[in-house]
Amino acid sequence: MTAGLQIKNLSKNFGGLQVARDISVDLPTGARAALIGPNGAGKTTFANLVIGALQPSAGSIHLDGKDISSLSEAARVRAGIAKTFQITNLFRHLTVRDNLRLPVLERERRTSRLFGRYDDDEAIEDEIERLLSDFRLIELADQEVRSLAYGQQRLVELALSLALKPRILILDEPAAGVPSSDSHLVIDAIKRLPADLTVLVIEHDMKLVFEVASRIIVLVNGGILVEGAPNEISSDPSVRELYLGAGHA
Amino acid sequence: MTIALSILVDGVAYGMILFMISVGLSVTMGLMRIVNLAHGGFALLGGAFAHVLTVWYSVPFIAALAISVTAVTFLAIPLERLVYRRIYRFGELEQVLATIGIVFVVIAGVNLFLGSTLLPIRMPPEVSSPVDIGFKVLPLHRIIVILAGLAVVAALYLLVEQTRFGIYLRAAVDNQDTAASLGINTSKVYLAAFALGAALAAIGGILGAELLPIEAYYPLRYMVLFLIVVAVGGLGSIVGSFLAALSLGILDTAGRYLLPDMGTIFFFLAITALLAVRPNGLLVKPS
Amino acid sequence: MSRESTIDNVRTSLPIAKTHWPLVFLTLGACAAFLLFPYDLGFMTRILIMMVFVISFDLILGYAGIATLGHAAMYGCGAYAAGLFAVHISPDPLLGLASGAAMGALIAFVSGLLLMRAHGLSLLMLSIAVTMVLQEIASKARDVTGGADGLTGISMGPILGVFEFDFIGKTAYWYAFCALFVILALLRILVASPFGLALRGIKDSSSRMRAIGTPVYWRKVTAYVIAGAIAGIAGALSAQITSLVSVEVFNFALSAEVMVMLVLGGSGRLYGALIGTLVFMTVHHVAASIDPFNWLFAIGFMVLGIVFFLPDGLISLPKRIRRMIGAVR
């Protein structure tokens, strides 16, 4: 049995269109990987296949040796796969603290409880405080999320997913929409993620990818073009052609 | 056989009325993405004007129809500019409430001037006379309604498919941001669609007065019926509204003929089942 | 729901109940009203019953964000259940309330299995359609319900075997008050529970709730069933106190008025529902007594005024006024 996430020969067809072609990825526990590729390469499709929002046409997904290919999206969350949203999807009218509280309560299977205040469990309250301080959100804890700057909302987005205590965390363009002056906030937060968490970043922003990832997978037309360490990728001629040649510098 | 034919004729006539009243609602709801519960108010106002003109002032029916529809259209224009424009930007709940408020005010207004009794519209006596169409005798009224409905369908088809306004309208229903970026004045398209929908509702209200009698509470009483046509037909779809109106008209009529005791239950159960399977309307498969 | 520019109360978002002032105010208000308006007990009892009904709607609209136009379905079923229970089984009022709650919950569960899958216009239409079907059944099943003539012959025994219903309605008034008090207290516990927070999460983003693994559909069905039970109790109270159930309990106007009362007061806070009901019913009562034919003007303009000028309801009025004073300075 191998730890981490093993994806074997994953394919997905929409009618005649093949949006994922025979993708195999092996992410050992604690890996820091990034998935890059041009628009329409199938990055989001791939992420949706992993989290179970889409069902694959062929192939398998194993988490810590267990086949999770047939599990529903909710069951995969419980099995330990979490994903952040490309466009922040938060509880805008709730406070930052309550935004983090909901995933913790859900993870502890409490949201069906009709009695007892939602803030009366000390272990849970401590965990929320730790999350707030880990993400430097303590001062904002009692503000409604919609009043936060977008960069701060990004941090809440990250913290919310991490509150599920996932084993695999997929970050879908974690810095999308964040002004470059604030992107270091997000990068720092990703760097501080627990070491035993397996992280897969889906990203356009090369600066972010090279700062946080130790392995990079390049996806083109639904299939893997090349995979390797950052320095290998940056010197790979086909990638240079794809990115630099196309004026993405 | 005779019963089947009666159901068909009455159902189609009823469906045509439903279509005329609801098609404007469907287009505006699809276009502006709003929930509008007040649309039946235009049918009521049309009917109320026609009542006053034909009964109080003995204006001939056709002239009364023309005057009433024009009056409703010219009422709809300031209403759109001053009130509805702001409602477009509301959330769904506020739209429901705002348009319920408008319904209440319209009902109270008609009630204030005309009372809460039935408001009959005087038609030429020939209209209620039977006509022999060879194999069956039909009331002329049904035939007029069906012909008027077909004329409206044809006119709408030509308008939407053949004119520049139609192109603008379809573009705006499809995607208003794209339409706006193409230089289409969506605000004018909204106004025109709204006024046209109000005019059609007034025609439907007047011609349909025999089937859906005009009285102050009309917009509340038949609100659900009109909205169901829209929901079943699919928002913004003229063809969908037509098919939905006809099938609902026939379904409801069949229910009344064949299961006089259970007709309404049958009708609403059928609607419930249909909306459960096709939440976005008859023609749209759920994703 | 989507107009947030008008509000800047970012620090005071729905704090969970830490005080018992709403319950105290409710009690003091009920006592004061009892002493001040001894000749309007019937009307004030109707207000209390309607408060129970509107507060149940707050749970699904204000907390879970589920907008329906068919809340009268559960009210009506509760009324018929309690009425039939009194006629055929037992005149005991509390058992009657329980039967109303059970029927309201049952109807909410059966229809909720369908409704809670729908959204937007479909949900509004489906909820109306369900109510219409029930109304048709009630008016056609004459042998059971009395049809259009209404269900009559409801007579009530004493509450707990002690308190007889009296002619001027004192017992009825305090009976309705106690029901409201208990339900308000229970709902305050419910909305401060993990389940209550989950409902608010669903209102804000059901997709995110799904992404964190919450069975959103079942949470919504549960909320709908609880609201249905309370609405059923409201219907049962009305059947017991007026000794009559008519098919009008399923009227669309009732469902619409409940929504109006809730938004008038302010949704998502429970006590907003109480304020909205009080103001709506009073305006309705006064307007109808001044001009019985044109009170709809008052209601219509009141609704439009709220939606256009005070979208967060009357409970946001103090904050609005404070801001206006602040702006003048």
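The first chain written gets the first letter, and so on, giving A, B and C; residue counts start at 1 in each chain.
The rule is short, and it goes like this: contacts are C-beta pairs under 8 Å (C-beta built on N, C-alpha and C of every residue); 3 or more make two chains touch, one makes a residue touch a chain.
Just so you know, these numbers come straight off a predicted model, no measurement behind them.
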Over the chains that touch one another, what is the least number of steps taking chain A to chain B?
2
Chain whose Cα centroid lies at the greatest distance from that of chain B
A
Give the identifier of the chain nearest to the protein's overall CA centre, each chain being represented by its own CA mean.
C
Cα centroid separation between chain A and chain B, in whole Å?
49
In whole angstrom, how far does the Cα centroid of chain B sit from the Cα centroid of chain C?
32
Between chain A and chain C, what's the gap in Å when you average each chain's C-alpha atoms?
42
Touching at least 2 other chains, the residues of chain A are none
For chain C, jot down the residues that touch at least 2 other chains.
none
Can you check the complex and tell me which residues of chain A touch chain C?
73-74, 77-78, 82-83, 85, 89-95, 98, 101-103, 105-107, 110-119, 142-144, 146-147, 160, 164
Per the contact definition, I'd like the list of chain C residues that touch chain B in the complex.
1-3, 61, 67, 69, 114, 117-122, 124-126, 128-130, 132-133, 136-137, 140, 252-253, 256, 259-260, 263, 293-297, 299-304, 306-308, 311
Quick check: in the complex, which residue numbers of chain C touch chain A?
4, 10-11, 13-14, 16, 189-190, 192-198, 200-201, 203-205, 207-215, 219, 222, 226
Going by the contact rule set out above, which residues of chain B touch chain C in the complex?
29, 35, 86, 89-94, 96-98, 100-105, 107-109, 111-112, 115-116, 220, 223-224, 227-228, 230-231, 235, 261-262, 264-265, 268-269, 271-272, 275-276, 279-280
